Amino acid sequence: MKRNGLTLILVGLLSLGLASLAVAGEKRISKQTKECLSCHAAMPGVVSQWEHSAHWDAGVGCYECHQAQKSDADAMDHYGFTVAVIVSPKDCSQCHPQEAREQMASHHAEAGNILNSQDGLLGQTVGGAPAVVVGCRQCHGSIVKVNEDGTLDTNTWPNTGVGRVNPDGSKGSCSACHTRHRFSKEQARQPETCGKCHLGPDHPQKEVYEESKHGILYRAFKDDLNMDQPKWVAGEDYYDAPTCATCHMSATPDQPVTHDVGDRLSWNLRAPVSMRTENHEQKLAKMKDVCSACHGSPFVEGFYQQLDGAVGLYNDKFAVPAKDIRDLLIKEGVISKANFDDQIDWTYWELWHHEGRRARHGAAMSGPDYAWWHGFYDVAKAFYNHLLPEVKEACEKAGKPELYERIVQTYIEGRPEHEWYVKGFDPKRVQEIKQYYQQRYHQQVQ
Amino acid sequence: MKRNGLTLILVGLLSLGLASLAVAGEKRISKQTKECLSCHAAMPGVVSQWEHSAHWDAGVGCYECHQAQKSDADAMDHYGFTVAVIVSPKDCSQCHPQEAREQMASHHAEAGNILNSQDGLLGQTVGGAPAVVVGCRQCHGSIVKVNEDGTLDTNTWPNTGVGRVNPDGSKGSCSACHTRHRFSKEQARQPETCGKCHLGPDHPQKEVYEESKHGILYRAFKDDLNMDQPKWVAGEDYYDAPTCATCHMSATPDQPVTHDVGDRLSWNLRAPVSMRTENHEQKLAKMKDVCSACHGSPFVEGFYQQLDGAVGLYNDKFAVPAKDIRDLLIKEGVISKANFDDQIDWTYWELWHHEGRRARHGAAMSGPDYAWWHGFYDVAKAFYNHLLPEVKEACEKAGKPELYERIVQTYIEGRPEHEWYVKGFDPKRVQEIKQYYQQRYHQQVQ
Amino acid sequence: MKRNGLTLILVGLLSLGLASLAVAGEKRISKQTKECLSCHAAMPGVVSQWEHSAHWDAGVGCYECHQAQKSDADAMDHYGFTVAVIVSPKDCSQCHPQEAREQMASHHAEAGNILNSQDGLLGQTVGGAPAVVVGCRQCHGSIVKVNEDGTLDTNTWPNTGVGRVNPDGSKGSCSACHTRHRFSKEQARQPETCGKCHLGPDHPQKEVYEESKHGILYRAFKDDLNMDQPKWVAGEDYYDAPTCATCHMSATPDQPVTHDVGDRLSWNLRAPVSMRTENHEQKLAKMKDVCSACHGSPFVEGFYQQLDGAVGLYNDKFAVPAKDIRDLLIKEGVISKANFDDQIDWTYWELWHHEGRRARHGAAMSGPDYAWWHGFYDVAKAFYNHLLPEVKEACEKAGKPELYERIVQTYIEGRPEHEWYVKGFDPKRVQEIKQYYQQRYHQQVQ
């Protein structure tokens, strides 16, 4: 953006005032931090970022955060100072105890555990350890290891994963979202911040948000949202668009900000089969309170009925039958109990972990293209065009074609939602469609 | 964005002037709207958005838009007022008759009809009704149903689909693009607005635009485009980048703005086989008039020759043969007449509806990656690696291997564009390529 | 963005001063250019863009760039002037010799050569010539042909591909990045500019950048980066985020800007098997110098160890075995030497050219989702679920099942990294995972 000459003049005039403020700020910088700065001026990015931060203004500098006890696992002697590279949530909690407590109670703090899941197994065995280092762990967090010489094991650091297990035992990394060394609230509230990890084939929240009205309005009115203000209450300090933070974390007139990101989630939309979260009524009430800053209650109630319908469809038509069919194949010895050694394992895995999440997240955050084309359409294709034919083939290979017959009888036939798969489409409808294409495109479509 | 203290002071000085303007604006607010506001202050987002809108400035408030006749299908008594939740294009047309007329004549108004197409059939049967509610209908529009108690059926509302059929019979939803309650022209002109629906595997216009020079320049010079001005004529009010609106809707020195979004489209690039639109010469002339704000005529003519070549390639090499081959299989009883019960149905469907559109839209909007990798590359893969082998297998299964021979003779052999599939690549070229890789990567590539 | 009344007043006051500057600028415009402008006012976009450019300020106008010698291949008489449509790097080098020299020595200048590669073969034969025109060539560049009548062959122009071969023999197109006619440094430095070509399934650098901390910070602090300043030194003129240009081209306190985009790349991450570039130590040192503006040396060294680990994993576990297995199949006559006539050819091609690049670029630019889900996860799926089963089937079809046995013995069995494929997952780990899901989702996962 071009700045005109006037701005420069005005900035000049203002400088006198700002200069005295600056002196005040600088006075607060500790003697130790000043010593740090005398060398680390050679990292101008870090220093400048910090100088533009609330930390600088409050006199919180290098030493205040990086100082360590000699007994700390990752303490090191650094030109006479005892410091640590990693500043953990435990360190931050000295000034921000409430935020640290909430984060500690959240799913985020446990994100490292996911690496004990199928995702982790896939990463470590099917992928390989170095892929886990540059992939999984950069979001989920590593278990940071300190080498015998006091340096950090590079298989585990650099890492700012949100569930990082730190040498002091604390979990998480505040700079996962509050990027060092500016620690900007404005930056942390932007959807891109969450989008570092919440994107892609298995949880495309960023893509869904960007498609949604919420994301569209954010792009249009970002400059009106006062995102740099300390107090940031929806419906008091901004009115035109929510970010991820608005709905999941930030304050409303009736509830405070929270760093427990699951505090307003009434559905678990990540699991193979979706179910309500614990205390879901309270969590739902909190979320509806956010909605009400901009939406009337018929809209909010209608939205949730549409969401609940979509989650029910996913569960009942696709997720539960797929799970039951696979369980049955394992029980009958058609496929092995082991994971990911049969094509059916992979198909089922992506059905719930990839396509099924896209359908549910698309519905939950009002991204119609994700709900349908990347979501239910892909779920249905996986179910009908991949899973069922693979089940048939596996049964035949195992010499149990009658098992497939039984599966079709139990899970498909007689179920109105799967009727088309057995009986085909209603010929009358198909005829109408052909006429529609004939009119629309002036061409025959079989 | 940080605001400096000076701005605050200046804003203070300005407030005296603005305050009197504000009084003038407030005077225009009707008695009824003031009563609405007395309760609806509890929805601060809505109120603030409206206060920043041209509607507020013109004294158009809650009651002016939401008032209803007792005889209206969705009228309800609301604390003594007769109002309706939905404000339809018919309502908006009272002040914006020209815009409503143009929208009514456009493809957008008929978008609900698509749900009578294969897309709709897939949605309702293969997906399921709740998927249609959160997916298809959120873009295409629902047929809004009023419950017996006067509330809106939540299977059909909340919904701002661009082809929504309203209780008053009018089609569309102005707030699909002009998001309530700010109704900002600037927001409606942004590419993200169109991107709510025009994105994804089957019509990635948003992605293509973002990749194109047009999208790149928009990101670079958005602040110079005067997008908030009532008058917004390309080449008069802005010069540096077009948005979707610029090319498809907004004014040039020689033509007015239109809400008929198909008014400048000379190709139908959505159909299985592309063909010219009605009155395509006039439509093409209108589009070229837009191009000419920034491009000389050799550039524009050259661009259209490249586009026409790409569309011809899609039609002649892939779309028509694929269609003819499938028609033949149906005629010969190799696959059923029913849709989506053979793998070939799905392959053909995605070939034209997904990959084929990506190729054509990529070419039409200058997104080379979409034209090739997401487009023609995927079309060719679908044709050669999926459709033809599936056709072969289906013929063999049906006991008609000679039919496949005939298909290859008719559609593939002797056609220079398919020669490689039968004869393989020119060995001389392949040899050259291996040498090239050898040089480039210092490694042998077979 | 709304502009308040005050701005308008201040702009008014400033106009007096700017007006005299404008006169000075206008004085520099040549007589010939003024004649051009007398007609070309009908292309207001081009004129306005140029009027906002440094070229205008320097008195470099239409004629200065577009003038030609009668002997030039693409010279044309245009109302008494001898001009050419294309302004080539050779033309630009008259004022910008250093930039032209660097560009000429870069990979960019050779980008047209890629059309001699497998990509080119695919484009021209599997796709078709018109697809190459709207796809490949729009990034890589065409060999511009001049028709007998002096106009440009529309199969080769419009085209601003970065490796375009111009009628004067020079290679490249400066406006590929410095979009005409504003030639803005700010625009050229934005990541979207590079993203015109560096995106998509086979080299998603744009997507990886946007996911990375670098991209997140760019979105947050773009307005603080002084991107419109002539001098743009990381750590001197901006501190908060790098763009693509920062790392690959722009200046640091210790090295100058370069238009040789490969000058800081120590790995070739595009090749089937990755290897070090020539003089990679020097190139690596240059890149680390950029990193050091914001990162301490333990961070930088740790990052590169993680990257090297990921590249090694890709090479050793997947790329080399996949290549060797395919070479063996060709040698043993199981598949033909010809390219892209066996499914295995396609699978191998996408393994390295698509999935394998995504894994490597994701790791190199800190996009964890691209490194894993779009990268190593897809590489592993291609290797285990597609390549190996296809190899087995091809061996069986060729009547050589023992060859597949030999392949498994040689490349899979006894290799710890592939152990799971033969022996399955460790049952103890699988049991732990089931318990984890049980706890996390309160549901049984087989």
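The first chain written gets the first letter, and so on, giving A, B and C; residue counts start at 1 in each chain.
Note that in this section contacts are C-beta pairs under 8 Å (C-beta built on N, C-alpha and C of every residue); 3 or more make two chains touch, one makes a residue touch a chain.
The model shown is predicted, which means the values in this text are computed figures rather than measured ones.
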Chain copies touching (subunit A, subunit C) - same or different residues, decided at half shared: different
Angle, in degrees to the nearest 5, of the Cα rotation that carries subunit B onto subunit C: 120
Centre-of-Cα separation between subunit C and subunit A, whole angstrom: 27
Multi-chain contact sites of subunit C, meaning residues that touch two or more partners: 1, 223
Residue ranges of subunit B touching subunit C (in the complex, touch as defined): 1, 10-11, 13-14, 17, 210-213, 215-217, 219-221, 223-224, 228, 234-236, 239-240, 292-296, 298-299, 301-303, 305-307, 309-310, 312-313, 317, 359, 362-363, 366, 368-377, 380-381, 384-385, 417, 420, 424-425, 427, 429-430, 432-433, 436-437, 440-443, 445-446
Touching residues (chain side subunit B, partner subunit A) in the complex: 1-2, 4-6, 42-46, 48-49, 52, 85, 113, 116-118, 120-123, 125-131, 133-139, 151-152, 154-155, 157-158, 160, 179, 182, 184, 186-187, 190, 192-193, 195-197, 199-202, 223, 268, 270-273, 275, 323, 326-327, 330, 336-341, 343, 346
